[in-house]
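Presented sequentially are two complexes of chain A, the first with chain B as partner and the second with chain C.
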Partner chain A sequence: MMDAIQILFILVAAAATATPPSGRKVVVRVDLTGCAGTPASVDVVLDGDEGTRRPLTLSKDPKESGWVAEWIDERKRKFPGARLSASVRFNDGRTYCQFAQPEKNDNDALVARFLFYCDDAPVLNVTIGTIPPRIFSYERRLPGKARPVVPPRCACVEKGNAVSGTAVVRQVMFPQENFSLQFLNDAENARSSDLLVLDPAGENAAAEGREIFDDLIRKNAVVVAGGDPRCKVGEVCLRRGGIIVALGQQRARARPKLLPQAYSVDEENLQNLSLLTLAVK
Partner chain B sequence: MTITSVDGEDKITTIWKHHFATYKEIIAAVGGIFGLISSLYFGLPYVLHRNSHIEFEATGSDENHVYVKVSNTGLKPAMLLAYRLVFDDLPKKEITLGLSHADTSAENSIIAPGATKISITTLLPAEIEAEALQGKQYTDSELAALLRKKYRAVSITLEIDVRESDDPGNVWAPAALESIDPAMQFQYIVPPRLCHVRVDHISADRIKAFINGSVRP
Partner chain C sequence: MRLYIAAAALAILVATSAAAQQRPVFDPDDDVDPRQHDAPLLISRIVAGGGTNLMDDYRPLRNGGGFFELTNSLYWKQIQLDYKRSKIFGNDDKVELQRCGCQPPIDFPTPPSAGSTPLAPPQSPKDTLQFAFYYSVPGRATEPRVMLRARLTGSRQSMDSVVRSFVTQEVVERRSGREQSFGLNADTYFRAGRHNVWGELFFARTAQSGTRADRSQTEVAYMSRFPAVVAGPLILRAMLTVGAVSNRGAAGLNIVNPAFEAFWHLTASRVNLHLVWSPQSTRSGNGGWETHQQIALFVDRALYVHLFGRSTPSSDTAR
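This part shows the complex of A and B:
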């Protein structure tokens, strides 16, 4: 019996060593231009996949400036045959998305080079809270047409989860970025439809307070003065019923033909949520 | 003993003179033969190897390079022009390769008489300038299919275009026919040789680091 197990282990080990690697090693190099100072730390998200988020290190090689990391391209089509997009993440924000330029370094290794331009576009920090605390996810999307530096078909999607029931989403570009929430129902392994938070038609980048929120959020929000004691000054708050109505109205606005069951699914997913609080700084 | 000739000349002297003349001719002949042999010995190799002649062998690889040992057995330098990897199972396509950054900087595409080592690497899509070549590149799905077998069983040909010192060749035929073929249509049938194509047949196993690092999709 022991012999058989040993042979099995040997065969597995042999198969593992004989199997060629499926990925291609790519050096990711990010150059930040026009930024005030050098960030303390920089992460990169590749190909819109938050799971690929990895730290970059500042290159000490004078020939290769910028922030670098190694990445294994395990996609079906590999870079440079397939395009590779990236978004850089700082401690307090992120960049738009950019496609890589293929290059080779002095050792002929394949390099995906990203060039980002820092600018002074107005940004917001959005604080989201749930009472009682419950899990939700958010999605940010910066459409390609939003800014001249963003290439077409490179919608910069960032997805995040707030397990503790609160989240601060930093440096949201207003009004260019689409920012939405989804409420997760772990028990049912389901999620609500998207609640669009910021007004996509907003024009005033310097707007403050309620003006930046989607009009259906504002319309269904609790009136602050005496509306709900849990809703603090400066916050926009929605009760469960208000969220469900806002979700339905937003869906109807986007797609006039709706499946009636969508309402009941949202009602199901929003059980146990009493109040949603939104604030911007 | 003295033999006296009729005209009073010393006969011995005559005989010696006769022999001496014969020996002189023999010595001259032997010298000539030695001269000819030595000329052939020293000159023939020069005549035979006066032009460059490139041979090469892929000796190994890393994830970015194929290492190649190149020998020039001729007496004049040659120039390496182009490099490609061809899978024998699908020979009408290729992976166009290029000289490594270090070898390009050192101008190592010029091969002087003797032996040297170079390393070659893949090119970026933008570096493959000719449209015809772009269309000849293996697709990812073709490469995946070609590399499904064990590397030991995958036959590859590494090809290098070499401008030997006698290139371009075969130019005399089109030139000779120019008077009867003013439109130079003959060139389409027998084009002049612009370079030599040197090849090394190997199994993918020998350069597996390169195959895994730079070729395998």
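This part shows the complex of A and C:
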């Protein structure tokens, strides 16, 4: 009897290990065009998951030029049944987003092939901090059809989370990108409305310091000189009340409704936040 | 989806059996973007203030006065349910009539004729039920999807009448009537070149019963919401409503209502301060165009905010 039970367990375990994983392995292959030389390093952001950038390696296979990486598609609908978008990040720049073309390589493996144009639009790094540390998420939106280009671009939304209360969001294309923050509450069952960080109407890509931030961020920021000892030189800082007011003003500007209920939700979500610090490099 | 349809059908049944009405000037916007909460959200809010030349559903009140509103809103996924109770003070809460000793008897004051703007009903407390559904449409490429709302509203208030003898002042008749209203309003959004155009469509049917001079009216209106402006701590906005209301002897466009609102959120007290100027022009067959300069000053504050559950919110964004 015991032997039969043991055999049954072994069969169940074998069946379990034989079950294919829920993800689908995809070879990501990126070809770059228009670049000034070969980039030192290349990362790819797949399917808008800004939080998990994947480093690409330069293929040494003469039959398969370009930059490659392996990726497990764990989405409900898999590539190529579901479209796959990506953008590429360099040390000092980023690309717009593209959709992948499905291919098979010599090993009959599924390949998601991207062709990116190296854009020389200036980028900046935004450093975000919360006091005390608390979770927030951020979102980057880049339009795709600003002008007809080859290869064609797609609009993309790329998201990331900062669980430790700080994040450096790199290679933000200004002013093309719409960059916003959302604060998650402690119970993680609600979030603030979007806090638009950078000025969407900004025209001067070389602008530095405060000028680069949305005017309602600047308007509600703590005045640095003596405003708050926790706010360092070069930072734009908002106290909790300033964030709530900025959120409400940005909501009203985006959509002309005045929403007391949304203020209340933001007040609940931001209960434990004392100071938000923003800096651009 | 079936659940939504069933809930919508239930709300329609409740609303048609209960009531609905055009929003009073002191009823604040109460949208909450469903992307801000994954779990149900309950908010109770109080509104209090005062105003002059107030209107009730395009009908002038006899006097200005204070008002209050208590709202309870439940937000669950893309659904919003509201129960609101409001009251305007400084006006009669029942109809007081005097009956002459003549034959046939006549009650005074006589009601406005069919071609005139009707009087507002007596300001007894008004109960309102609302059911709203949120849905999103694409916005600009650099902005999140635009969240819009469609809402059914039913409201009801009592309209009691007391008729006294002109000579003896004895009560010779009592009537217990009511006014019920059913309405539908929906946000509108489209893009004109580089500009977003926001608005709201309204339809409402209001009917009285059990009074000596039952009136009813049907109204259709469009409200355009112009871009808000931030001035210091204030948010300023302008709106323009145009529409038509029936049964006052003037067909076609007979409502023109610009409105201007200044809004101030006081962070320390969590109070919102509103100042509204709403010159409402209505046209009737007998009176022609008449303008009532509504001015209201009021505050609102959440009494209770509760987020249920601990699930992860949607990864979409809200603005």
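Just a few scattered comments:
The criterion applied here is as follows: the second predicted complex is superposed on the first by the 181 of 281 C-alpha atoms of A that agree within 3 Å, B and C clash if a C-alpha of one lies under 4 Å from a C-alpha of the other, contacts with A are read in each partner's own complex, and residues count from 1 in each chain.
Rule of thumb we're sticking to: a contact is a pair of C-beta atoms (placed from the backbone, for glycine too) under 8 Å apart; a residue touches a chain by one contact, two chains touch by 3 or more.
Just so you know, these numbers come straight off a predicted model, no measurement behind them.
Touch criterion met: A:Leu216 reaches chain C, while chain B stays clear of it. Residue contacts after overlaying the shared chain place A:Thr38 against neither chain B nor chain C. Once the two complexes are overlaid on the shared chain, A:Glu139 sits against chain C while remaining clear of chain B.
When the two complexes are overlaid on their common chain A, residue A:Ala252 makes contact with chain C while staying clear of chain B. Using the contact criterion defined above for the overlaid structures, shared-chain residue A:Gly81 touches chain B, although it does not reach chain C.
Residues 28-33, 35-39, 41, 43, 45, 73, 140-144, 146, 196, 198, 225-228, 230, 233, 235, 237, 239, 261, 263, 265, 267-268, 270, 272, 274, 300, 302, 305, 307-313, 315, 317-319 of chain C touch chain A in their complex. On the side of chain B, the complex with chain A involves touching residues 63-65, 100-102, 119, 121-122, 124-126, 140, 147, 150-151, 208, 211-214, 216-217. For chain A in complex with chain B, the residues that touch the partner chain are 18, 20-22, 24-25, 76-78, 80-81, 102-110.
Across the complex, chain C is touched by residues 137, 139, 141-145, 155, 159, 176-178, 180, 182, 184-185, 187-194, 196, 200, 216, 219, 240-241, 244-245, 248-265, 267-268 of chain A.
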